[in-house]
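You will see chain A twice below: alongside chain B first, and alongside chain C after that.
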Partner chain A sequence: MGRLSGGGGLLTYVMATAGLVFILAPLVVVVALSFSQANIATFPPSGFTTSWYEAVLADDEFRQAFLTSVVLAFAATVASFALGLPAAYALDRWQVPGARAVETVLLSPFILPILITGLALLQFMAMLRMRDASTNLFIGHVLITLPYLVRTVTASLKQVDRSLEEAARTLGASPWRVFRRITAPQIAPGIAAGCLFAFMVSFDDFPISFWLSTAERMPLPIYLQNSMSKVFDPSIATMSTFTIVTGVLAVIGLEKLVGLRRAMNV
Partner chain B sequence: MTAKATAAKVTSRAADLAVSGLTKVFGTTIAVDGITLRIASGELVALLGPSGCGKTTTLRMIAGLVEPTEGDVLIGGLRVTRTPVHRRNIGMLFQNYALFPHLSVAENVAFGLEMRGVSKAAIRPKVAAALALVQLGSFADRLPAALSGGQQQRVALARAIVIEPALLLLDEPLGALDRNLRESMQVEIRQIQKRLGITAVLVTHDQEEALTMADRVVIMNGGRLEQVGTPEEIYSRPRTRFVASFIGASNFLHGRVIGHDGSGLRIALTGGGEACMSHSDGETKEVLISVRPEAVSLAALEERAQHGGSGLPATVQQVVYRGQATHVHMTLDDGAPLLAFLPNRQGEKAKEDFSPGNRVWASWPSSSNWPVADG
Partner chain C sequence: MTASALPTTDMPTRFAPPRLLVGVAMLLPALGFLLAFLVLPSVILLSYSVLSQPQSGDIGLPFTASSYQRLISSPAYRHVAMTTLRVALFTSLFTSLLAYPLAMAIAYGRPLFSRITMSLVVLPLVVSVVVRTYGWQLVLGNSGTGVLNWLLHVLGAGTAPVQVMFTEWAIVIASVHVFLPLMVLPLAASLARIEPSLNEAARVLGAPAWRAFVRITLPLSVPGLIAGLTIVFSLTAASYVTPQMVGGSRGLMLGVLLEQQINTSFDWPMGAAIAAVMVGIALGATAGVEWLVGRRAAARLRRSGAR
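Take a look at the complex of A and B:
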């Protein structure tokens, strides 16, 4: 890596720092508030207490919502992996007719307003008399997480040196073994990045869950929003801190697994 | 290294190769146009030709990586045209080495054996023997990224031959290496190929590489075979103008047959002067003669009588000192170019007589006249 120097270098550092401040400062504020002794969430926080954490952890509804979100995000990620990996491979490697059209449809949740997608989905499910909120949420979330896997896996497939696969084939590897032994290790970082995105997108999702959740099946972002409209005390900040920590843990997990820089292709 | 490892030997199960009417059409381009060729077991044949003439496509059809539009591939007498790549038992070397970056050198070499279901215990000595053959025994545990280009290609060679392929295919394997290394690798690959008796097809656009390494050279042009022969045949008896100019440099002289004498045909050259030719392919009145520049010697115009054989007057345009030889670029009286390579022998007087603008008599032994088809 070359060192940045000169005017351009300075500008880059200033912008990177500004970017970091704008991203990190609100998170720091939220975490700071979660330890505040005041009864309403105002900044700067006053005093220090962990009582909000005790209260939140004792809250059954919060635990239920957190668990719902984790399970939902995990399931959506697994399903996106199971569907997205073969889809991306087929789109990139086989000359399937209409591959471009299929790719556009798969990636359309990136472009369409998710709130509208959610509403459409709700009407569609009502029409089909699908009443199980868990199933509906799962389907809705897979719809928005799948594009992340398709996108990252397709991108990493395009980077694989095709002569590696050809060399493996000449050495006697069947197509499946070429994939298992040669292609998969090359695209593993991309798969991991896609899974991380999928998990976080689902865990963080509001607009889809907004339409598809019920009082019994309520993911964390919806529960947070509901609580916020009732009271605005530091427990909101505490619950948010749990979300932040989950995200950080996922990133650390990815870093440990494949190395984040490799996964993000930087 | 264990005693067992040193005892293992790399062997080969080479087979002969035949392709017939091999054709590949991409959309509207005919990349390969009806190639028929037989390669004997243990022979190394080089496919040589300008960029885009279809060498790689031909090789990839033999490998099974590209499906032929028409024609057949037979390995060891068996038709494999529709056999998938992984069942053809072929070793292949790529220009960019194509080593698996996530596997160590030893794991790379072991890959093909593993795919064949060879037991772990049997793999180890074979891998060691193959690495020893390419002199990389001590590099077994390294990752490919920690090797130089030449070392990487040697690993790729070990990986390809350890499976005892029926056929070794090489697509510009040394194209990415610098000149000196390329030359030593040419010799090394050739030695190993000969020692193991592997049938091999080498694609290259480097004529020296083809002449150095191959038993026979196949000259391709525009998807077709132009000429097939030993390096010596291709160089001294080119069939067409294309071959004569592609392999080495050549002068081309147009002429008309004006008669016969005891030693052969007498030909009047279009640029003035006369030539004799013993080899001729029939009764052609108009002929195109190829003369290698190293056959041409120069003299002052007044001394023309002392120089027999074939010859004609020329005007010197440019004299270029090139170390081993001095290249004299001339034009004939009809405007056609003529090139002479004059060897620079130690202690000999420099050719200062020949400077731009001088009129000279260019002559060469009549045995250097070679008729070519104007293609």
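Take a look at the complex of A and C:
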């Protein structure tokens, strides 16, 4: 590897490093301010304290919002898995009439602006007199995680060694047994990575929760944005740091499961 | 190779249920869910844009184009639409410029640098837009305590020389950060698929490195670039959080206007008309780019004499 050489290669490295600084700058600033002793979140941070962390961890509202987001993301991912796995499998392996149209519908949450999806769902649920915020949020989050599951499962199925499946079938295994013993082990790591990514998509979502959350049922990003307009001390930076750390853990998870480049199709 | 080659019996075997039926049964839950909670609600919402809302507040017949007429005839709304398109255009252009070296580093860089770059490109993708935009609020702050202004002051550039917060430029800068991974990843995938021997051949035949890049690497990475441009343009035009948090009143975009129509004016037909415009921009960007690429690919085929 390493095909970057000479002056052009050096230039590429320099520009890429500048790009990395740009990527890291806002995140590093947030983390740095979370340790500041000052009472307002302004630069440069002064001194060093972990007292904001103690305050945030003791804050019931923050803990509630964090828990809401984790439960919501978990439920949405499980439901998307249950809906998406069979659908992607059927699309990939069986000739279904109108497969192209079906695939377009399955991936349509990617095309429609999410802000509009959320507003349409809000209006629809009001029409049905569905006022339970937890249910509404759950449905909305399944909408945004499902296409990721469909895409990941489809991509994983395309990598399966079909000759192994045919061999098993020739030897008399039932389709279900072939799937369980031959196909599933091959696609499991890819799908696990897809589930992790879908979890993070839900955990970080703003535009769906923005319309569907209520004061009692508020996912973390909405709670954070609300707090930012009311609170100006570094506790906001501290809460934000918790989400950044969650993101770092997710990246490590994706790397461990299948490697980042495979997880991201690069 | 398939079942038809095997001797057929009249009795269907237990392990071969009618395939079509099973396929449909596996598709139906996901398909039904999306039709019920995505397609139907979207159609209802968009239909509001041609319905009327009298003082009583109940939306219904008769059909009217008045929302669209107001949207088109009002200079203020037109201004917001133009701001949205301008921000989306600049964001996708700057994102592609910044993304190229990063994608090159991922696809061709030394293994360690490539891995670090890949990790740092993916990281923002799994951190909420709210948090990242908050970071940009801190970096771009107009007062002397904004990180950038503080840094420039330390370097001797006077007090608070940069005043970009609450302008279109702040939205562009933060949006480039938000959508950068969505440009780098398809670009890196495109670059990684280029056959190395093509470049080597060019170099052996005497082309300098820059020429090999311009004539081989760049054209072959166009599919990834196009995919990235489309997605960044559509998502920027449809964004809400970033313009709301760093745009202020001078950087009003369609997403924020939509939210104001619904939550402040309670004007659903107007909100729906804005939503329709946003959907139109998203679909238009996708279709327009496909049309452009299709035409160029066809032209190239004609030039090369292939049919």
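Side notes on the structure shown:
We adopt the following convention: the second predicted complex is superposed on the first by the 229 of 266 C-alpha atoms of A that agree within 3 Å, B and C clash if a C-alpha of one lies under 4 Å from a C-alpha of the other, contacts with A are read in each partner's own complex, and residues count from 1 in each chain.
The rule is short, and it goes like this: a contact is a pair of C-beta atoms (placed from the backbone, for glycine too) under 8 Å apart; a residue touches a chain by one contact, two chains touch by 3 or more.
The structure displayed is predicted, hence computed values, not measured ones.
Looking at the shared chain after the overlay, A:168 reaches chain B, while chain C stays out of its contact range.
By the touch criterion defined above, A:67 lies against neither chain B nor chain C after alignment on the C-alpha atoms of chain A. Contact with neither chain B nor chain C is seen for A:126 once the two complexes are overlaid on the shared chain.
In the superposition on chain A, A:231 makes contact with neither chain B nor chain C.
Look at A:221: by the touch rule set out above, it reaches chain C but stays clear of chain B. Chain A is touched at more residues by one of its partners, and among chain B and chain C that partner is C. When the two complexes are overlaid on their common chain A, residue A:251 makes contact with chain C while staying clear of chain B. Of the two partner chains placed by superposition, only chain B is touched by A:182; chain C is not.
Applying the stated contact rule after C-alpha superposition, one finds that A:57 touches neither chain B nor chain C.
Overlap of the chain B and chain C contact sets on chain A: residues 174-175. Residues 1-4, 6-8, 11-13, 15-16, 18-20, 22-27, 29-30, 33, 41-44, 82-84, 86-87, 89-91, 93-97, 102, 105-106, 108-109, 111-117, 119-121, 123-124, 127, 139, 142-143, 146, 150, 174-175, 197, 200, 203-207, 210, 220-221, 224-225, 228, 236-237, 240, 243-244, 246-248, 250-251, 254-255, 260-261, 264-266 of chain A touch chain C in their complex. Against chain B, the residues of chain A that register as touching in their complex are 161, 163-164, 166-175, 177, 181-182, 185-186. The touching residues of chain B, when paired with chain A in their complex, are 63, 65, 84-92, 94, 96, 98-102, 111-112, 115-116, 156, 159-160, 163, 169.
If you check the complex, the residues on chain C that touch chain A are 15-16, 19-20, 22-24, 26-27, 29-31, 33-35, 37-42, 44-45, 48, 98-102, 104-111, 113-124, 126-132, 134-139, 141, 143, 145-147, 150, 177, 180, 185, 188-189, 192, 196, 199, 209-210, 213, 234-235, 238-241, 245, 255, 258-259, 262, 268, 271, 275, 278-279, 282-283, 286.
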